[in-house]
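Pasting in a structure now, in structure tokens, and then I'll have a few things to ask.
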Amino acid sequence: ALPLSPAAAREAVRIGVLKFGTVNWELDVIKTHALDKKEGIDVQIVEFAGRDATSVALLAGKVDVIVIDWIWVSRQRAEGSKLTFVPFSSAVGALMVPADSPVRTLADLKGKRLGISGGPIDKSWLLIRAMGLSQAGIDLDDAVDKVFGAPPLLNAQALAGRLDGIITSWNFLAELEARRFRTLVSVEDAARAIGISGTLPLLGYVFDEGWGRDRRDAVAALVRASRSAKQILAESDAEWDRLRPLVKPADDATFAALKAGFRRGVPTSWGQAERDDAARAYAVMAKLGGAELVGRSPTLQPGVFWPDVTY
Amino acid sequence: MLHRSVWPYIASIAALLLLWQLAAGWVDSRALPTPMAVLAVLEREVTSGALPYHLAVTLARVAASFFLALLIGSAIGIVMGRSVLIDRLGDSWLIVFLNLPALVTIVLCYVWFGLTEAAAILAVTINKIPNVVVTVREGARAISRDLLEMAQVFQLGRVRTLRHVVLPSLGPFIIAAARSGLAIVWKIVLVVELLGRSSGVGFQINLFFQLFDVAGILAYTIAFVAVIQLLELGVLQPLERRANRWRR
Amino acid sequence: MTALVVDIREKRYPAVGRADAAVALRDLRFEAASGELLCVVGPSGCGKTTLLNIIAGLDRDFSGRMTLPPMAKGRPAIGYVFQNARLLPWRTVLENIELVMPPSEGRRRRALDLLAATGLGDVAQVYPERLSVGMGRRVALARAFAIDPQLLLLDEPFVSLDEPTAQRLRLLLLEIWGRQPTTVLFVTHDLREAILLADRIIVLSPPPARVVASIPIALPRDAQRDAAAIEAVRRQLLDELGDSFGTL
Amino acid sequence: MLHRSVWPYIASIAALLLLWQLAAGWVDSRALPTPMAVLAVLEREVTSGALPYHLAVTLARVAASFFLALLIGSAIGIVMGRSVLIDRLGDSWLIVFLNLPALVTIVLCYVWFGLTEAAAILAVTINKIPNVVVTVREGARAISRDLLEMAQVFQLGRVRTLRHVVLPSLGPFIIAAARSGLAIVWKIVLVVELLGRSSGVGFQINLFFQLFDVAGILAYTIAFVAVIQLLELGVLQPLERRANRWRR
Amino acid sequence: MTALVVDIREKRYPAVGRADAAVALRDLRFEAASGELLCVVGPSGCGKTTLLNIIAGLDRDFSGRMTLPPMAKGRPAIGYVFQNARLLPWRTVLENIELVMPPSEGRRRRALDLLAATGLGDVAQVYPERLSVGMGRRVALARAFAIDPQLLLLDEPFVSLDEPTAQRLRLLLLEIWGRQPTTVLFVTHDLREAILLADRIIVLSPPPARVVASIPIALPRDAQRDAAAIEAVRRQLLDELGDSFGTL
């Protein structure tokens, strides 16, 4: 028998998250139900106040895992940081307009004031641009009056009626949805329009390749724990009620929208087809986003996706 | 006397609150909650213990960086203000460090020294020092030559000249650097906490920002401002009065 | 023994803005014996203060040479009563005096004694900006006396004082000067005062200043020089030197 | 002369670059790229036209907010420094605005006035004014009472007293406020651009930061610092020399 | 006609730090006729400057009353030669004088004439810190003359000047005083000077100052008062007033 107690032997996995972010909901479920212990790891949550803070923390070695998109991972690999990715969520953003807006199609947006969170290299924005190009034949980049800004500010602007449309991530959209905004195009639509499956996970747990190679079991355990947590969240409304203080919704409608959005975003499959989709999407976004987005690598770098995990 | 000196303060704070109430009533938006709403949040956060904890952490960081920056910055400022050669040599470095975005220093400190408390404080200090240098340097340039010559003739030596001639002459400049410095340090600490700490007012404020909870942001801001206000009335102003009592 | 050799070829202040360069001293030469009391007189703006500054070592930017006798510990202790008082405004009268004295047991006692002797016993705790001009001047005098200087430079120390006070201070100066061998350079515009005090009077020309006369005063010092004797010497000097000393 | 004054600058900038190169070689991390790597990015961004565009936008914002803040802040600072009552009344407001996190002002301005240029500049100005006030107020408190009394007796009136007595006395304080102010304004502009503008160096730096491209961040920083350095050498320092030419 | 009524019950300076409150003036009463030239003498620190400040309207914090005759446009033009020069250091000599003069065609001409008359023709473009003390004093004198004052206050204006220069300036004063009806208050420690100039001499007591004697000088003014006559009056005064005037 080993001299170490099982608890001490459990591999610690430090995950850097936004305190009120969606990842933390899942991690909270993992911790509450001791899913990590069941899988033989010890998930340690390190909370931050900004998304950028989590990437600084990963690069400074303060955490082992963060949640971010694979385009970023590819770029970092090209620059020499061998990071790698397993899926977390396929929930994406959308382009929303006020319910009574005359805007019906992308082409109607011409000359309108469009809020875009995340800046000119935001993935949702790039995919919707690609859709505009392929379907309506307009480049939104030239056609609309772009307003880049921080997501909370853009939401406030949209609610104040200062924007004709807004592209932002799904968790910020929930509030708009609850306040009589409608979806003009979702990013899933946009992806499908350029021939990519709508359930492609964009966000994932990201960690250093070397770290993962030394802890293959721990990574696998994390993925299993994550999927168990998603299972619980998909099925149990009671679990959501428990989580409510962490979700901090403005009202019940927003809460419902957030719940639905999360459930919609649970990745269902992660195999070669999805990886090929990703490579194609990357090529499209690389063309639109240019070097600003992808740095020196016009194609998806090999090794971006952690090979061990498929489902 | 106490009565006379405290009265205008109370009046002006009351006016500020009134203005706030009116503005909040007028715009009636989530972006500017009423004083009462903020007070409710303040009470909630104080009772939960969150505010005292985060405030204490932030105050400790502010204090440490502030004193370090003031000490080092004043020393460099005096030397640069009194020696033309060192001033020339150091000036371009000063301008570089003065204009380095806080982001750059903070990220570099974090990446090099890890997400540690020391790195955070170092980052703030590096950010703040150049501002102190610039202010104190102007002061050092303006020191009365008459008095320096007196100190030289009477052979006061470096230490006593510093203590009795240079530092008192710098008084107003150091006070200015300290006052606005405290505010700047606090603002940089907010960024430092946003980028890599899991505690502190900056951490909290940014969380509230994600949720667009302006009441929460204001509650924490007010708590900090209240502490500074107390420091002003209880420490800085008496000190300043003492330091200025020689004035005609 | 020679206490001081002054041999200045030229002292020039550079041009600034639209003002020309000014030659303040040219070919100014004299010596002072140890323990000698020398009075320097000359027209307003001729370069007397410039000369004292050079002797005090405050101004090294001249051509020529100026030597003080080497002392056991570096340069001799120099007491300088500047033309303006140059007190530290943020130190009380007493602190101003104690500051220049080497730390010792009896320091405070001696400082208070000097203040009493200059008629300032009541204002030891007052800040200089609250003194009248004449009082400030007396503090500066007490400060120069306090260090028991080997070389004492006085730049019109007794102006702005009423006659009785000035007279008391002249006697105090003579007493201190008599107590230990002190070389004194005394700038004044008052010929009567010069005759009362001096071993020798040095007369400077209008700028650029040089020595136009060096007049030993033969009056005996033991019997106090009285008004009549002084008046006699003054007449004689005025006759010799023409009306460059006025008539009043 | 030119040679003599430019030489130390070049030397010290060279030293800075060398140090940077060594540090980059030593840590060998993406967090600190070498000067050459940054230069390459700089060249790319200049050729593409992106850098000149964003830099120009940012400079315009910095200039507008800077002058507004300096003007309004100096006016308030002078009034508060000279009137005890207004100082008392305004002090708590000052402390509140001084310590209001940039985030709060920026968010409120954006929410009220929309994501517009005017809102951005207003936010920066509001953020910066209190710092100017604090520095200038200390200066106003330290204005020589002698000279103010002179102005009063000779009935110079408000405008001429301001122009000939107050402003020149404030010189060093205003210079200090301007130098460190320029840097602070630039840093606040970065945040303002990050939160709600679609152009400018802050907008770019934030993009680079999201991608963790430190070379990009540094390239833009250096471009801005170079502009400030030129301003220093070409405008501020000559101005300052002129303003100080009266000093002995 | 009465130009000035002074009736001060008490002027008290408050206590500061460890220094006690000081009563500078008590029950000080006198009047001056329009066009009268009054000399004020009194021991060092008795309150002469305090008195002039009250008359100039700089100090209103006393009990009692002080009235100047109402003039067509507000208060009479007051020229004040302070005990220290109080020149604006950042303005040249010429600018300092022009500044106080009402703007007019011949302003520069008149300023230059006054500078020439005070022997400062060469230094019109010099900054005050580069003047000798005596030269600065003369600029202050020229400034006070430049406004053609109805009331002229002079606080020991001729100290630090050599006798010939002082004498020239005394005559200049008399000339300007004679040209238009100017009331003059002249503080001096030099009894000979007082007798030369005054219509009346006011003698103040040691602090708290009050008027101990008011002595009309009966010497005719047309024939210049000569040294012998002055000496005679002086003897007589000293006999009358005891030795409070010293013996030199």
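Lettered A, B, C, D and E in written order, each chain numbered from 1.
One rule holds for everything that comes next: a residue touches a chain if its C-beta (ideal position, glycine included) is under 8 Å from a C-beta of that chain, and two chains touch if they have at least 3 such contacts.
By chain, with names taken from UniProt: B, D = ABC transporter permease; C, E = ABC transporter ATP-binding protein.
Everything numeric here is computed off the predicted structure, so don't read it as measured data.
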Practice task
Enter the minimum step count from chain B to chain C; a value of 1 means the two chains touch.
Solution key: 1
Exercise for the section: Using the touch definition from the top, list the chains contacting both chain B and chain E. Expected result: C, D
Fill in the blank from the handout: Going from chain A to chain E via touching chains takes a minimum number of steps equal to 2
Completion exercise
Note to self: most contacts are between B-D
Handout entry: Whole-Å gap separating chain A and chain B, where each centre is the average of the chain's CA atoms
Key = 38
Problem - Distance from chain E to chain C - Cα centre to Cα centre, in angstrom - result: 26
Fill in the blank from the handout: Cα centroid separation, chain B vs chain D, in Å, comes to 17
Completion exercise
Cα centre of chain C to Cα centre of chain D, whole Å, reads 49
Fill in the blank from the handout: Listed in rising order, chain E residues that touch 2 or more other chains are 16-17, 84, 127, 130
Practice task
Would you mind listing the residues of chain D that make contact with two or more other chains?
Solution key: 31, 107, 111, 209, 245, 247-248
Handout entry: Numbers and ranges of chain A residues touching at least 2 other chains
Key = 52, 59, 150, 156, 160
Fill in the blank from the handout: Note: in the complex, chain E contacts chain C through residues 13, 16-19, 41-45, 48-49, 83-84, 92, 119, 123, 125-127, 130-135, 138, 156, 159-167, 189, 191-193, 196, 227, 230, 243-248
Exercise for the section: Flag every residue of chain D that touches chain A in the complex, lowest number first. Expected result: 30-31, 107, 110-111, 114-115, 194-198, 203, 206-207, 209-213
Problem - For the chain A and chain D complex, residues of the former touching the latter - result: 52, 55, 59, 72, 75-76, 79-81, 115, 118-121, 146-150, 153, 156-157, 160, 162, 292-293, 295
Problem - chain B-touching residues of chain C, taken from the complex the two chains share - result: 53, 56-58, 77-80, 82, 84, 86, 88-91, 99-100, 127-130, 143, 147
Completion exercise
Touching chain C in the complex, chain B uses residues 146-147, 149-150, 152-156, 160, 164-165, 168, 171, 243, 245-248
